[in-house]
Amino acid sequence: MIFSSDNWAGAHPSIAAGLSARASGFDPAYGNGDLDRAVARRFNEIFEREVAVFFVGTGTAANALSLVSADKPGGLSFCHRESHLIEDECGAPEYFMGGSRLFGVDGSLGRIDPGALASAVGRFAGDNVHAGRPAAVSITQATEIGTVYSIEQIRDIAAVAREHALPLHMDGARFANALVSLGATPAEMTWKSGVDMLSFGGTKNGCWCAEAVIHFDTARAKEFGFIRKRAAQLFSKSRFIAAQFSAYFQDDLWLETARHANAMADRLAGHIRHSGAMRLAWEPQANEVFAIMPPVHAQALQDKGARFYDWLTPHGFDGVATGEKLWRFVTSFATTQDEVDRFGDLIG
Amino acid sequence: MIFSSDNWAGAHPSIAAGLSARASGFDPAYGNGDLDRAVARRFNEIFEREVAVFFVGTGTAANALSLVSADKPGGLSFCHRESHLIEDECGAPEYFMGGSRLFGVDGSLGRIDPGALASAVGRFAGDNVHAGRPAAVSITQATEIGTVYSIEQIRDIAAVAREHALPLHMDGARFANALVSLGATPAEMTWKSGVDMLSFGGTKNGCWCAEAVIHFDTARAKEFGFIRKRAAQLFSKSRFIAAQFSAYFQDDLWLETARHANAMADRLAGHIRHSGAMRLAWEPQANEVFAIMPPVHAQALQDKGARFYDWLTPHGFDGVATGEKLWRFVTSFATTQDEVDRFGDLIG
Amino acid sequence: MIFSSDNWAGAHPSIAAGLSARASGFDPAYGNGDLDRAVARRFNEIFEREVAVFFVGTGTAANALSLVSADKPGGLSFCHRESHLIEDECGAPEYFMGGSRLFGVDGSLGRIDPGALASAVGRFAGDNVHAGRPAAVSITQATEIGTVYSIEQIRDIAAVAREHALPLHMDGARFANALVSLGATPAEMTWKSGVDMLSFGGTKNGCWCAEAVIHFDTARAKEFGFIRKRAAQLFSKSRFIAAQFSAYFQDDLWLETARHANAMADRLAGHIRHSGAMRLAWEPQANEVFAIMPPVHAQALQDKGARFYDWLTPHGFDGVATGEKLWRFVTSFATTQDEVDRFGDLIG
Amino acid sequence: MIFSSDNWAGAHPSIAAGLSARASGFDPAYGNGDLDRAVARRFNEIFEREVAVFFVGTGTAANALSLVSADKPGGLSFCHRESHLIEDECGAPEYFMGGSRLFGVDGSLGRIDPGALASAVGRFAGDNVHAGRPAAVSITQATEIGTVYSIEQIRDIAAVAREHALPLHMDGARFANALVSLGATPAEMTWKSGVDMLSFGGTKNGCWCAEAVIHFDTARAKEFGFIRKRAAQLFSKSRFIAAQFSAYFQDDLWLETARHANAMADRLAGHIRHSGAMRLAWEPQANEVFAIMPPVHAQALQDKGARFYDWLTPHGFDGVATGEKLWRFVTSFATTQDEVDRFGDLIG
């Protein structure tokens, strides 16, 4: 009953097998091999247009370097105030940008509110050198708290970004989970809705270590080779990432693993919904479930072998009263129906 | 006949198998799993003392972040003027240090000359705020041109570093190749000879992607967790690196692959020594062979299927006359005696 | 009736004269002249102990470089969410720190609330590499909205900082105004109350361009020469700053100019208090007065020659209702009683 | 007999008087005052076209921020290997650029050799992400060793820069000294010869503290307001710089002070030329004289009250034999014929 994080899982067997299958033979390094190119073409198919794909090693890198490529002196990047970018990157985005700032914007259930964004960006209109100036907007899909922006909601954010000529970045550490949740196509959820840069995450969804920055704006992509290398994210044996993505996309494995993780979250939420021991904080839309219960109950569950984390709520959440304690449960490709149901039995 | 680079090879079958064997099951993320800890203990054994080990994803990161952890405002890090740090990292060390400078020091055959180092460091004595001040010394073992520092030579460099209270870093992208070349122990080649920080490379020697920063000075290690995370080098599924290192050390695989690569380089050098078509630029000591021949000969070899790179000589080398062209041949765990001998036949 | 800012004034005649008096003759550059040393000793007297004084050119530099000298990888510096550091430096502190973050803390009337600070710092306890870690606390004295921390309030903040082993910085762009407002000594308002670093501002109080970073912790001061030079803040003809400070301290000119500015603010507040056209937003304690009135009234006053700025209230203030408009009036050494009274007549 | 540096002098009486004359009255801060604008127009006249002028506080800032405005990820800025940028800024250019590198180019007598530049830049052609890529070229006029580029020589450098689409920066810390030495116009010595950005120095030539970055490329200028503010170089009482420049340009004072300084250098060189105690290292062309003599002679002169510095020669100079000692003598607006002649008597 491991619901600690989707990154506590290892690699999906097909990913591991796909990687091993590519272990022998020689290939040009640094992304210039045949497999690298084949995977890049696969990304074009998936997104129904030519995109510029850059493999990197971590989601932190994908996010930080995306923002670097949109940054300017005195720049401000707008993201949700509870976003991973702000809360969990040790300041990596600001470090890689050389000091430009993240600006936290409010919005319920982990999604930036378009009005709040317009107002936040608007404060910095007019090229006031004292205040700094907007450089980018970043949304997380699925969000840090397991909700999902609808296509409409992405477009609303994009409209604000466009109005201020700001590129829109999507942190897709859980891109596949959001995608299958919406039933949308990758194109619809990104560039067709106004997204300019995407952190495409494979790690949490069954890969060992496979992340990519995708630029839909090719002008911006031109600089990115240097941005990535300078940031120590150009891998010599690049095919070890390419091989993972190759297996990831094979027979839509990535959609299947995401559907499974989401289904397990849904099943878990069902158990919680009928439990007297805890209650759902909000309805899950992807592979994360947040619930409210007293620490003593949580401790009892952990004593019985369940693993999950408490969730810090620095700003508070709608629906979580002061003093209430919030807990996060994450499912993945490796979560089994059996362990979900065993947990359900525990909270009966 | 692929002698382009040791990073054109994939993963050694045992590394691939070791990684696959760890694909299933749940493990705490970010380096807190049992396997991470077991591998850390293994490093202690290998180095015959307690060391602080931090996995990172690329050699660029290992080098750059090591220097970050020694840096200070106005800092200068001294390395060989032909070193990888200066020539091939796209400025990553300076970027991660936030602008501190690399200072190229001369020395024949890829090794820093201790006298030249003393003189270079000495220029910056006295805390002159205009000039900047020394922060670290970095040597490469094996060097960028396939030579190796003897234990004595490492100690000579360390003596200069110590005199100026500078930490000594070793770029060990080809650590194993140097180790077996010297027949030394890891302890002898590092901390026993005055090395404070080590970039321990596994990738070029048979791993997919396994690098580590090793701090022998535990005070310096205390900061490193933040330095690494801020630099986007903390991997969530850290065990994918741990599993590679685990297999790498199993039954001394790493020494065996290095010995093989060196032996292949030696054999290749033997062929070149007896060839009329080219001559050795200097005696190889690890897994890289440098030879001099006219471009037209090189082209002919490449036309026949040999792969190798020309080598830029911005500063020139002893034994390479102006106008002469230098070529690099790299061997690896995956190089076969057969392809070396086929190449030998070509150059007859 | 210029109440736009205290930096719209030029230089006090005694400062200008003092500077001119030092124009001729030769002096060692970069702060090594006799006058530089004499002024440094004067700072020792003023602070009743040995302090390390570093002249810089702007308040932005004084603040940013103070934080640099306290920073660490993954660092967070805590300041009031409405502070100049956050709102008006174009991200300079983060830029000079290479990406470390400012964390805005709440508190009424421009002062950090010690409880809110303890809670904010506490969130980052435990060396969690994802979250980052506290590096410094910065307070502004007088605050950005014209209020002043009492000695007791400074000590309360210092107690929180000490508990977490964080250095306490004071942004003293309006140091003298706060000092005479409290009737305290410079020592009492700084190191005797737990302040470790001070941005000592002279510019707003009658100098042309005279700012200094003062380190009470001499260990931290040791690095600062390099921090300053690297940041382009070491002035060759350093005596042009020294001469200003020399005149500034002569016969307590600095206290006199600050007292005058505060008295003018007080007189202005008196007029506003009795006016039907506007009301005081809060009681001024230094040389800034904030008042609430409709834009149409403000425009009418500006049409009659009064100069003052509206004040953005991104977070809102106690006592300012939604939709109400806040205006700032700043007085200085150059403000005359006559213009204050003429303004008083206007607002009758 | 103070020949230590032109920054050991104070301010020219007319500069001091001009500054004092502007001490009273109110003016918009941060460069928006009438005087700021008038001086900006004066720069247009001096350069015979519209230029974008940004006041900054130090030459270090002018140089570093110019390079920032031309930088790109993985960027390399090419300057003379003995340049002030490399030797005397404590790494400030790299710090402000966030890590981009300075690349030292060779050339006799302090001037970059166009062929060496072409070769250095050429090494980085082809967008190789490992090597980095050229971003800018910077020349110093007058050079760090008192020589001057002819108009032809500037054009030769500019041609190389243009060929590689690199902006050309001129470090004009001693701009006026070079200008009167050449008898050229400001336009001829800059944009008409291919210069895109200029560090225009006033401090060494009689101002207290007056430096400016001038952009001839207005597109590049658009970003510079943020670059400057973020770097803590936007002065609130900006008119204190404007007033200095106003006086500096009044009745061509700046050309007069530069002519005087150069004439004093020339006179000093004449004395040295006829002295048996020392010899000129090379012919001075501006306000710096370099001579060779044994340390014992130098000490004797210093004992008699002469002040001058030895000059480090890390790379050696043509005409200075190994073991010979080089000394620098700098003249300024404040140098008198009498002290030059007294020195002449000493070295008889």
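Going in written order, the chains are labelled A, B, C and D, and every chain counts its residues from 1.
Quick note on the criterion: a contact is a pair of C-beta atoms (placed from the backbone, for glycine too) under 8 Å apart; a residue touches a chain by one contact, two chains touch by 3 or more.
By chain, UniProt protein names: A, B, C, D = L-threonine aldolase.
Remember, predicted model here, so these are calculated numbers, not experimental data.
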item: Chain whose average C-alpha position is farthest from chain A's own; value: D
item: C-D or B-C, whichever has more C-beta pairs in contact; value: C-D
item: Reference interface A-D: repeating pair among A-C, B-C or A-B with over half of contacts shared; value: B-C
item: Euclidean distance of C-alpha centroids - chain C vs chain D, Å; value: 34
item: Where chain B and chain D are represented by their mean Cα positions, the distance between them in whole Å; value: 41
item: Inter-centroid spacing, chain C versus chain B (mean Cα positions, whole Å); value: 50
item: Interface hub residues of chain A, defined as touching at least two other chains; value: 30, 74, 89-91, 95-96, 98-99, 129-130, 132, 226, 229-230, 234
item: Complex interface listing, chain A residues touching chain B; value: 2, 4-5, 7-13, 15-17, 19-20, 22-30, 56-61, 64-65, 89-92, 95-96, 98, 203-204, 208-209, 226, 229-237, 239-240, 307, 334
item: Contact set on chain D toward chain A in their complex; value: 30, 68, 72-74, 98-99, 127, 129-130, 132-133, 223, 225-230, 234
item: Residue ranges of chain D in contact with chain B within the complex; value: 74-76, 87-91, 94-102, 123, 129-132, 312, 314
